[in-house]
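Can you read through this structure? Questions will come right after.
Residue numbering begins at 1 within each chain, and the chains themselves are lettered A, B, C and D in the order written.
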Amino acid sequence: MAVLKTLLYLFIYPGFLFLLVYSTFCEWVDRKLYARFQNRIGPLHTGRSGILQPIADFIKLLAKEDIVPDAADKGMFRALPIFGLAIVMTAIMYLPLWHYDVSRIGFNSFPGDLIVVLYLLSLPTLVFFLAGWHSTNFFSTIGAARVLTMLFGYEVPLFLAVLSPAILAGSWRLAEIAQFYQQHPLLLLPNIIGFAVALICLQAKLERTPFDIPHAETEIVGGIFTEYSGKKLAMFRLMADIELVVGSGLIAAVFLGGFPGGLFGGFVYFIIKTLAVIFLLSLMRAVTGRIRVDQVVSFAWRYLAPLSVLQLLIVILIKGLFL
Amino acid sequence: MKIAAFLPELLRHLFKKPATIDYPFEKLEVPKDFRGTPILKPELCISCRACVRDCPAEAIEILTENEAEKKFKMIIHNDRCVHCAQCVESCPTDAMFMNQEFELATFDRHTLKASYVYVRATVKPKVPERNKVPEGGKTVTPAAPQTPQLPQPPETK
Amino acid sequence: MEFTVPIGPQHPALKEPISLRMTFEGEVIKKADVRLGYNHRGMEKLAEEKTFIQNLYLTERICGICSHSHTTCFAQGVEKLMEIEAPRRGLYIRTLTAELERVHSHLLWLGVAGHEAGFDTFFMYTWRDREVVMDILEALSGNRVHYSINTIGGVRRDIDEVQRKKILDSLGLLIKRTNYYTGIGVNEPTFVARIAGVGKLTRETGIALCAVGPTIRASGVVQDVRKDDPYAVYAELPFDVCTADSCDVLGRVVVRVKELLESYKMIEYLLKNLPAGPISVKAPRKAKENEVVSRYEAPRGENMHYIKSNGSDKPERLKVRAPTLANYPATLEMLKEGFIADIPLIFAAIDPCICCAERTVQMVDARSGEEKILTLAELRRYSIDYYKKNPIRKEAEWPF
Amino acid sequence: MNDQEIIEKIKAGLKDKALDIQNPAPRRIFFRTDKVHLRETACFLKEALGCAYLATISGVDKGENFEIVYHFANQSACINLRTKTPRNLPHIPSICPEIPGAVLYERELQDMFGLVVDGIPDPRPLILPDDWPQNNFPLRKDWKFERPPEKIPGGK
């Protein structure tokens, strides 16, 4: 029974199958919202209100000719999309959705899994860098350099912002953090600065406007993806979608009180909370223009890092004085 | 400087009807004087070739089918037409007009050719000085009245 | 490490083909060079073989955005050669179309600037509002892009009372939206951070490099053909030449937005003071041997046609100078010491409208680093050979 | 500054280097100069009349000669300076030292008329492709373009 449950966990929910379906759905939500903010219709014809459009795009890309450039490092070039996809799919296993027991330590929930998720979310950035670097195209190389430059900006504030609720909850384990905030929902309020910082950093991590600098199409064509086509590009697109789900799931687990209620309750909470985060991310994408890479770094260190330190200070004060 | 200056506008648009329409299924109406595709009214054409002379895209051809019967053939190459309506302007008898058709895209250029076979009309041109024997225009002088014949329908349209 | 990157002829930031060859050091541009000729259509040669009436439609097709500019410039030149004068109502309608075209071009440009800065929402909104003026132009002239409203000796279509009312009504909306965008343009921090202080062109360099239009006006030079050399009915219109002193892309945005507001004023004046009378006079087919220089302030800058006639119904020589060509030397100057990220913005800030030609491709072999110039035929042969040697695999290569 | 004053200034400043000064329309002044005085004249127009703005350079094929028209403009007039060069020796001096913005127009002249602009800072072709055949200058009157027959897939 336990084996079956684990297999279900890995392959159906929240593993492989659910992720495929839900990440394309999230992309549709994002596209539709972005379109409606801009007074457009958005995807419309594939499926009801275009809900199948991301899947159709995925299948279309799979059918396209796959080109590996002569000058590229062929092994790396081929392996990286699968590697990246595996990383983000692994990351969702550690979100406290289902199949965990707060009182016991399991393979998917243990003290320090927060750090693991953060680490697994950092790896895709490295994959993007390597993908760009090994394409050996000028535009890809510039894109790769920009990926790393941006990483120096947003990574530290993101870690600090995500760690402060953990400090308040007194645990490095996502399930325990979620449980703490379910018991003390009012304590979510002091984390509001951290939530804002984490949202902005997540946007940067997902490389969406205003931080879509590594693949800014009007500047460096496709950036890191310039040489990618066909199936490999489809993998990367899917990877970005799943990263969106995992990232917003992490924010929801840490800042919005997790997903209580076992299989069904957790499912409903997961959908509602991730969609709420995605709504905010879409809004941020619609409301801003792209900034320059030097502006990202200076913005991150001038505003985001001090804000997250301030958040840490608030949390420590609250913890020391009231708890 | 404000942060997120666009925000109220964006949220307002979330509840507004989209400005775009679902084009091939829904269409906007074109204004009444829209310059669409040039069409010939064969019963008015006197074969003066003013349109041939002025067409900037060489899209109009007039061939003599039968000299004795005064039968002519006009071919409008819609694949070359630039929709400027200069032919309508140049026509002394208002035999050309533009309809509202604008969706002409096709896989085959031949389907865009519209040809009309007709007997030259005997209409008095409205601007006489425009009608002064243009190049190759032997047939411009008004012909003797002849029994009115029904114009032939266009071959392809 | 310095390396050279070709921006174009095919690049997402460029809507038309042109090649900018940039030498970067890191993210900073050290050298910039421009290669034209990817879209040269030989119009000046072709014009020598067409009659004046046909050339009217040929010049219209020099550019899709400022199609009215080129026909007006050509038509008023030919009118001088033929020694006829268009009636006042015709000139009023001509000017009205010109100003509506300026409104549509500047709104389009604002959207493009937003898009180049990755600000797609701004792009969508401005282009939606541009539809208002496009609809007016369509109702007025019968088409959205090539209005063909000019003819030699006046205009082809009259404007009726219903249209006049409709345009005046729509103006209110356009003014409201333009004022709103002015607020956004100077308030949205991510947008302002991208355009302020970028693409500097000092007054002296601008003058020395013969820049025109909003590009030079944003460097504080008062240069506008509508004021300096009034054509059509601009001599009797109330308007100011808009300038800015910041010499950067922000200044060019400001100049264009100000010009929009001036254009609305002019359109209102033109509609309220529309004289009665005929709209065109009959033009002869032939022009006496003579020459004329016709100037016109297009939305992008000064447009100049030099027309020489030889007594026949065809011009002996037609020289067209579109404003973008005059702005290239200045653009190269502006690009120097900029960032890669600024290229699309700086280049878009002159509102390029590229009309040039070429059939070669520059290929760089990544391994040897040597450059090969291939003609299109060679490139085609190369690609056919490549696919013969490496056929596309039929069976799917599933990565799992 | 009205047209008459400009003409007076040109006459006074250039003396006999400015030949047949015409004023065919308001704000349009045409005059001719020999090509050896070209740079000097451009310099005079720039310094004395404020015509730093060169709108364009037009070339005209006149059979024996090429006529080259430099269209200068200032705030009050468009001053057109003509010069000519024989067809068998098509050389003109570059005015780039005086007016740096002239370089593109001079390159265009080289491409289209086969003129040789002496002292041009950047002599590469501007608009013609790199594989363009030698000694083909499209805007010369003796250069005729044969339109290739239109090929429509599937026959006419």
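Following the convention adopted for this analysis, a contact is a pair of C-beta atoms (placed from the backbone, for glycine too) under 8 Å apart; a residue touches a chain by one contact, two chains touch by 3 or more.
As the structure is a computational prediction, the values presented were derived from the model and not from experiment.
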Any idea which chain sits dead centre by C-alpha averages? C
A-B compared against A-C, more contacting pairs: A-C
Measuring centre to centre with C-alpha atoms, which chain is farthest from subunit C? A
What whole-number Å value describes the gap between the mean CA coordinates of subunit A and subunit B? 57
I'd like the Å distance between the centres of subunit A and subunit C, where a centre is the mean of that chain's Cα atoms. 42
For subunit B paired with subunit C, centre-to-centre distance based on mean C-alpha positions, whole Å: 29
Subunit C residues counted as touching two or more neighbouring chains: 121-122, 125, 128, 188
What are the residue numbers in subunit D that touch two or more other chains? none
Any chance you could list the residues of subunit A touching two or more other chains? 37-40, 286-288
Subunit A partner, complex, touching residues on subunit B are 4, 6-7, 10, 13-14, 16, 18-22
Subunit A residues touching subunit B in their complex are 33, 35-41, 44, 283, 286-288
Contact residues on subunit D for subunit C in the complex? 24-25, 27-28, 52-56, 58-61, 69, 71, 73-78, 80, 99-105, 112, 125-131, 138-139, 145
Subunit C contact footprint on subunit B (complex, rising order): 1-6, 9-10, 19, 30-31, 33-35, 53-57, 82-86, 89, 98
Tell me, which parts of subunit A touch subunit C in their complex? 37-40, 62, 65-66, 69-71, 78, 81-82, 136, 138-139, 142, 145, 209-210, 212-213, 216-221, 231-232, 235, 286-295
